[in-house]
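Written below as structure tokens is the structure these notes are about.
Chain IDs A, B, C, D and E follow the sequence of writing; residue 1 opens each chain.
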Amino acid sequence: MKMRDAGLFALVAALLVLTGMMQSWNLALQILNMGLISAIMALGVNLQWGFAGLFNVGVMGFVALGGLAVALTAMPPVGDAWRAGGLGVFSALIVAAVAITLAVVIWRKRLPARGWLVAAVLLVGFILYRELFDPARDAIEAVNPALQGNLGGLGLPVLFSWPVGGLLAAGAAWLIGKTALGLRSDYLAIATLGIAEIILAVMKNEDWLARGVKNVIGVPSPLPTAVELQENAGFAARFADPITASTIGVKLGYAVLFAVVLIALIVLMQLALKSPWGRMVRAIRDNETAAEAMGKDVTRRHLQIFILGSAICGLAGAMMTTLDGQLVPGTYQPLRFTFLIWVMVIVGGSGNNFGAVLGGMLIWFLWVQVEPVGAWLIGALTSGLPEGAFKDHLMDSAAYMRLFTMGLVMLLVLRFSPRGLIPER
Amino acid sequence: MAEPFLIGEAMTGGYGRGPDILHDCTISVDPGQIAVIVGPNGAGKSTGMKAIFGMLNLRKGRVVLDGDDITDLSPQDRVRRGMGFVPQVNNIFPSMSVEENLEMGAFIRNDDFSSTMAQVYDLFPILKDKRHQAAGELSGGQRQQVAVGRALMTQPKVLMLDEPTAGVSPIVMDELFDRIIEIARTGLPVLMVEQNARQALEIADRAYVLVQGANAHTGTGKELLADDEVRRSFLGG
Amino acid sequence: MIVVDDIHKHFGGFRAVDGASLTIREGSITGLIGPNGAGKTTLFNVIAGHLKPTSGRVTMGGEDITGLPPHELFHKGLLRTFQIAHEFHSMTVRENLMMVPGDQTGETLVNAWLKRRQIAREEEALRRKADEVLEFLTISHLADEKAGNLSGGQKKLLELGRTMMVDAKIVFLDEVGAGVNRTLLMTIADAILRLNKERGYTFVVIEHDMDFIGKLCDPVICMAEGKVLAEGTLDEIKANEQVIEAYLGTGLKNKEMANG
Amino acid sequence: MDLLNAFVALSNFVLVPALAYGAQLALGALGVTLIYGILRFSNFAHGDTMAFGTMAVVLFTWLFQSWGINLGPLPTALLALPFGIVICMGLVLLTDRYIYRFYRAQKVKPVVLVIVSMGVMFVTNGLVRFIIGPDDQRFADGERFLISARTFKEMTGLDEGLAIKTGQALTVVIAVIAVALLFWFLNRTRTGKSMRAYSDNEDLALLSGINPEKVVMVTWLIVAALATLAGTLYGLDKSFKPFTYFQLLLPFFAAAIVGGLGSPIGAIVGGFVIAFSEVLITYAWKKVLTYALPETLAPDGLAQLLSTDYKFAVSFVILLVVLLFRPTGLFKGKSV
Amino acid sequence: ESHASEVKLGVILGFTGPIESLTQAMAAGAELAMSEVTESGALLGGAKVTPVRADSTCVDAGAATAAAERLVTAEGVKGIMGADCSGVTGAVLTNVAVPNGMVMISPSATSPGLSEAEDNGLFFRTAPSDARQGVVMTEGLIGMGVKSVAVTYTNNDYGKGLADSFQQAFEAAGGEVTISAAHEDGKADYSAEVGALASAGGDLLVVAGYVDQGGAGIVRGSLDTGAFDRFHFPDGMIGAALEENFGSELDGSTGQVPGTDSPGAAKFAEVVGDKFDVSGPYTGESYDAAALILLAMQAAGSVEPGDYKSKVEMVANAPGEKIYPGELAKALELIAAGTDIDYVGATDVELIGPGEASGSFREIKFEGGKMTTTGYR
């Protein structure tokens, strides 16, 4: 059994090596890097679903928050914007926070007519908020709108943004967990999905925060960039082909960074899983009522796990934005950042950390490589056909082979191991 | 002696690819008879019932109903051949109403089953009160009554009951036993597993004690009741 | 020990528990009987915090525990079993038992990462304890089987086993006997008596088997239609006309009992 | 008069479109909810199944149009609909036979079926684009309007027009009929009840002599019919484009869940809740208020609660609020 | 080796995803330029140009980067025609093109932000930046006497940028924008947007979206409810689909696309014939992008991006002999002969500043269900 797991990892490694040899090492490393990030996201989802049975379909939102953290941490601050509206925006946000807290407190107090009171507090809060916020926002967005128009970030080294991404996601998860974790299965799923969409709507439309759909580009890199290496005389002199050397070097650097994070996470999660804590969590997943009767605080555990899993997704999101070098809210699509991650977890084997990691690497590899494979497939299929409109039509359709092939491969893999490639225990 | 009406003969088998649970186990029942299976927990009583009903792959042995070898039939086909079964657990449709549960029991019948339903309600009056309530909201004992009622609705040629009296109150249990005797008198063979073994053996024409998947004692109910060892080990002294 | 004061529990318009009041004496083994649907399980669920009562109060040792969640009641020493077995199906039988004790060091995440040694020690002790319980329940051979694969009766035993993993003050047993072999049930009865005598556990037992009730319980409370119908020793209860009519009946079983 | 104008404006821009959109969502959500209720998984391929069925309808419509067959004022697509449904049924039965059945036999967890359905989604997705391409296709013909804004104005002499499209009217009528039929089928007929029994307790259904394969087949057939119907009606009202159909999945699920998974009525109500919340919350009341209020009180701004950017966010907020108060939806749905 | 016998060019566009329905024609445009060059046999002594397509997905930066990585490092392309959407374009540029020193010409990324990206002179675009169009559009509308408009834009950097720049210009010119509302592409229903737009009112509706995306949905809804019967369409909305879908319903509406009174666009249509639909957005730009890469190669006498990147602006801009679509063979020969050329192409390419198209625009009016050109600006 263990042999088989190792074999599967070897298979993924072999696929990457094959890519390196048949196509290029740059491509192989690029796939590896995103694969590592995907594996981390899959770990987060696996923690929530595989271990605790929490159906989180809002992964995208947490990943996006991780990305936002990068923009808010690593980008240089925009001084003019801060002067124009920093104070206004923050006092508005504080007003909003106070109003909401007050409303919650009143609600909890069970006063008579609390509904009206809460509504009144929220209404006054909202009006006050808009009064403070709108002019401040307009002022900020007016500062050099083509390139900035936002507050910018803290100008810290970009690696700081990774834990910040985790924290930001954790904070959001706390809020969500407090309200929505009472929901079961698919109801929780659609709630988280909705919240992810809300997070994204905010990121797309609040330009003062991180430029909204106008995107943040030029995120600083934690490693020297390939271009810097190429311009470095010493480096250029040492290698015959400085371009390849530099691009591969940078990717290796990222690979090491990502691998360190991934391994640390796996170790922590394996330790937790094999401990009484893990046993308790599995018991809760199996039967909440009984676990509750056996003295386990189900709500707290759920909250804890939801926060941790989401934080891991946020961390991965920050890592990904760092790797991309830009924050583009439009990129965050549920298909890619929620459902694909789910495919990774299930195909890999939910409830098993190694399964999730394997799934992350393998599915990402396929996601990228089914395109040439699909095109090749079409080429092979049509090679026997006579030239003509039909063949042209098929050749033009080659692009759609990408998703088609992806679906086919998924179905095949699941056919042979319906419980995932490395099932739970 | 002619072959019994229903017989699971020399059955050996287990769940999926797991180890054998049944070992060369034989259980049979004839029209008009009540056959009772008793034995410790985990002996394989339920497994034996499921094997007869085709919910388990037998590795050895065969099942014969009314002279036909039905070893390879699916459970559904066995239902159509007139076998009725009340499993030990998960034996109701929780989100359907009591009445719909009973209707489902009569699913394979094409005739008018309202008189059977009236009989069931007579037998279990509480169900009549709750006929429109979802079965999943019933108390444990009420569910058990629904389960038995559902099987009766089939008007089977042979009735198999896995612990029908678990969790039902004494008064209902007595009624149930009375009713089972009545059913058997009409010529319908009844095969049941019971932990309320003493009462069950009282009325059993044929009784089996299963231990670890094998026949340990066989005889009439009275014989086994009289057997000291059986009393001590399985009937609670 | 536990005082139930005029508890009502309504589902929609239906009154499952309809003004039940009763007292459970410390150190007693109280039997709770009544026809199917009398509201016994519902009352358990209210006391043990799984359901919020529509109205009424439950106190434990003078402290109001109405509406407290089950996990808090567990830590106050109140345990329960389920009528329909609630095993942790994908875990082994032994794990099912080992997860029970509260305040395990390894149940905090940080400890799970840092205090490996202490956890290992605790686990060893727990494992021994679990094996003892399994031995007692005659299912040692199933220790490593997945609980979901147990037979109906074995699951009930596991339910009971869980309550034996910790030192409880009061244990609510909801039909542990249904589906359990009678010989074993008598052994269980002995164990309950022993726990009651030696460790001072209080028990509340729902059961339809009069032998079992007779062997253990004093007093016996009979519920019907959500209310307490009668209370007293088993003999008193058996003699109660209302109880006979609603619950015991005059059938074969009681005839036999009367004889035997 | 002004009040009348206000009401007409509101109907034209809010009530009528939301009603039609709600009915479209409802029909889609019905399919989703049925699969969830009976086969117990969330079917991600539903949007693409819909695209596939509609594609068949479009192709048949073109064929009929080329033969010169039409239905006069009604869209030709109605004639093509039965053919499209049959083809879509073929597709779902094939996928069930060769894909889902295997996993059913294995008794896998529902989430695995969800992922499998995503595989099916990708494959169907590719198929549709192979056959008809990713582009917008128009296939509506016949009278576009029951009553157009201009005609309405001329008829009534009001300043505001009210447009009712044939497609909208058809959608609402058909949605009502479909739900009534489905409800009757599930709760009154033998097959319908056996489907519910199967979803409740598969093993016991077997013991009652219910043929599971038949239940599954009937479910898929109904789903295929509903999907094609929903897709065609949507396409007639707007247009047919595979990507949009895939994107419809999200509001479908939202509708099915708000209503309570597994509940047909829930799906309908959910569809309207989602549709109306999307349209109402971001509506700029300026026009209506200007008519309805005396001149002095008329608003300067747009009188818009939130900008349309937050349309989806808002409808999800409403969904959340509903779920917080009714954790399994408005009509007590199932949860596996 | 400068006289390569085969030159591969990458065509990286979103063949799947939100703009999948635009990209086939765009790719066909680019590939047309390539086959034209191949057939001429004039590129660097008869090199054959092979397109290699890759899917940018339009939205998934990770997949796009990997696809570009494959083109550059595995397929060995010598230049990239693409990418399409600004987000993935930025990712491909910084993560693949710049590190590998690869020239990249995008036919459709219009975000002003990209002008500021570190590109080492490798990045160009043939679509004009949004800022310019906003001004042109304002001039046109004010010229027609339009005083107040409602605006809706597709919620991405293109739409938002265009809407913002237009609003700024239009208000500066004394016009009123009654509402500027975003719409998301690919959604099911646009009643809410139409309702809000109608309520705000205005002489006409400016739709800064895509012709086969949300833009079409908005127009459909507005026409059906009678909210607007006059529209103004920027480049993303101009396409045959508009005529096909709405026909004479749009009579009186106006719009503009990049283009000049130069005969480029017409010639392009002629060259294409019925091979694919030329009127979709960015097909001409795609043709031009591919052509520019190839002409620059010829000018540099090398297929290596490092060599020819500096030639792109040279072949694109005046002075020199004007080159129209279908004349690539002639252009290659002229360059080989040492004559300077000024590539006009389908969209009157003129690169200004850091690799950007200057953009002149063709104004359009709908009459009798057809788009007619009314002038140039």
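In this text, a residue touches a chain if its C-beta (ideal position, glycine included) is under 8 Å from a C-beta of that chain, and two chains touch if they have at least 3 such contacts.
These numbers come from a predicted model, not from an experiment.
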item: Set of chains adjacent to subunit B and to subunit C; value: none
item: Where subunit B and subunit D overlap in contact partners, by chain label; value: none
item: Inter-centroid spacing, subunit D versus subunit A (mean Cα positions, whole Å); value: 30
item: Chain centre separation in whole Å, for subunit B relative to subunit A (CA means); value: 54
item: Interchain centroid distance [CA atoms averaged], subunit C/subunit E, Å; value: 74
item: Centre-to-centre distance between subunit D and subunit C (centres being mean Cα positions), rounded to whole Å; value: 49
item: Subunit A, residues touching no fewer than two other chains; value: 204-205, 400, 402-403
item: Junction residues of subunit C - those touching two or more other chains; value: none
item: Set of subunit D residues in contact with two or more other chains; value: 129, 133-134, 307, 309, 312
item: Touch relationships between chains, expressed as pairs; value: A-C, A-D, A-E, B-C, B-D, D-E
item: Touch list for subunit B against partner subunit D, complex; value: 53, 55, 75-76, 79-80, 85, 87, 90-96, 100, 103-105, 107-108, 150, 154
item: Sites on subunit E touched by subunit D in the complex; value: 17-18, 20-21, 24, 155, 178-179, 181-184, 186-189, 191-196, 198-201, 212, 216-217, 220-221, 224-227, 241, 244-245
item: Subunit C-facing residues of subunit B, complex; value: 15, 18, 39-42, 45-47, 88-89, 126, 137-142, 144-145, 163, 166-175, 177-178, 195-199, 202, 232-237
item: Subunit B-facing residues of subunit D, complex; value: 190, 193-194, 196-197, 200-201, 203-212, 334
item: Sites on subunit D touched by subunit E in the complex; value: 9, 12-14, 17-18, 21, 24-25, 129, 133-136, 138, 144-145, 148-150, 153, 161, 163, 165, 234, 238-239, 241, 243-244, 247-248, 251, 275, 278-279, 281-288, 302, 304, 307-309, 311-312
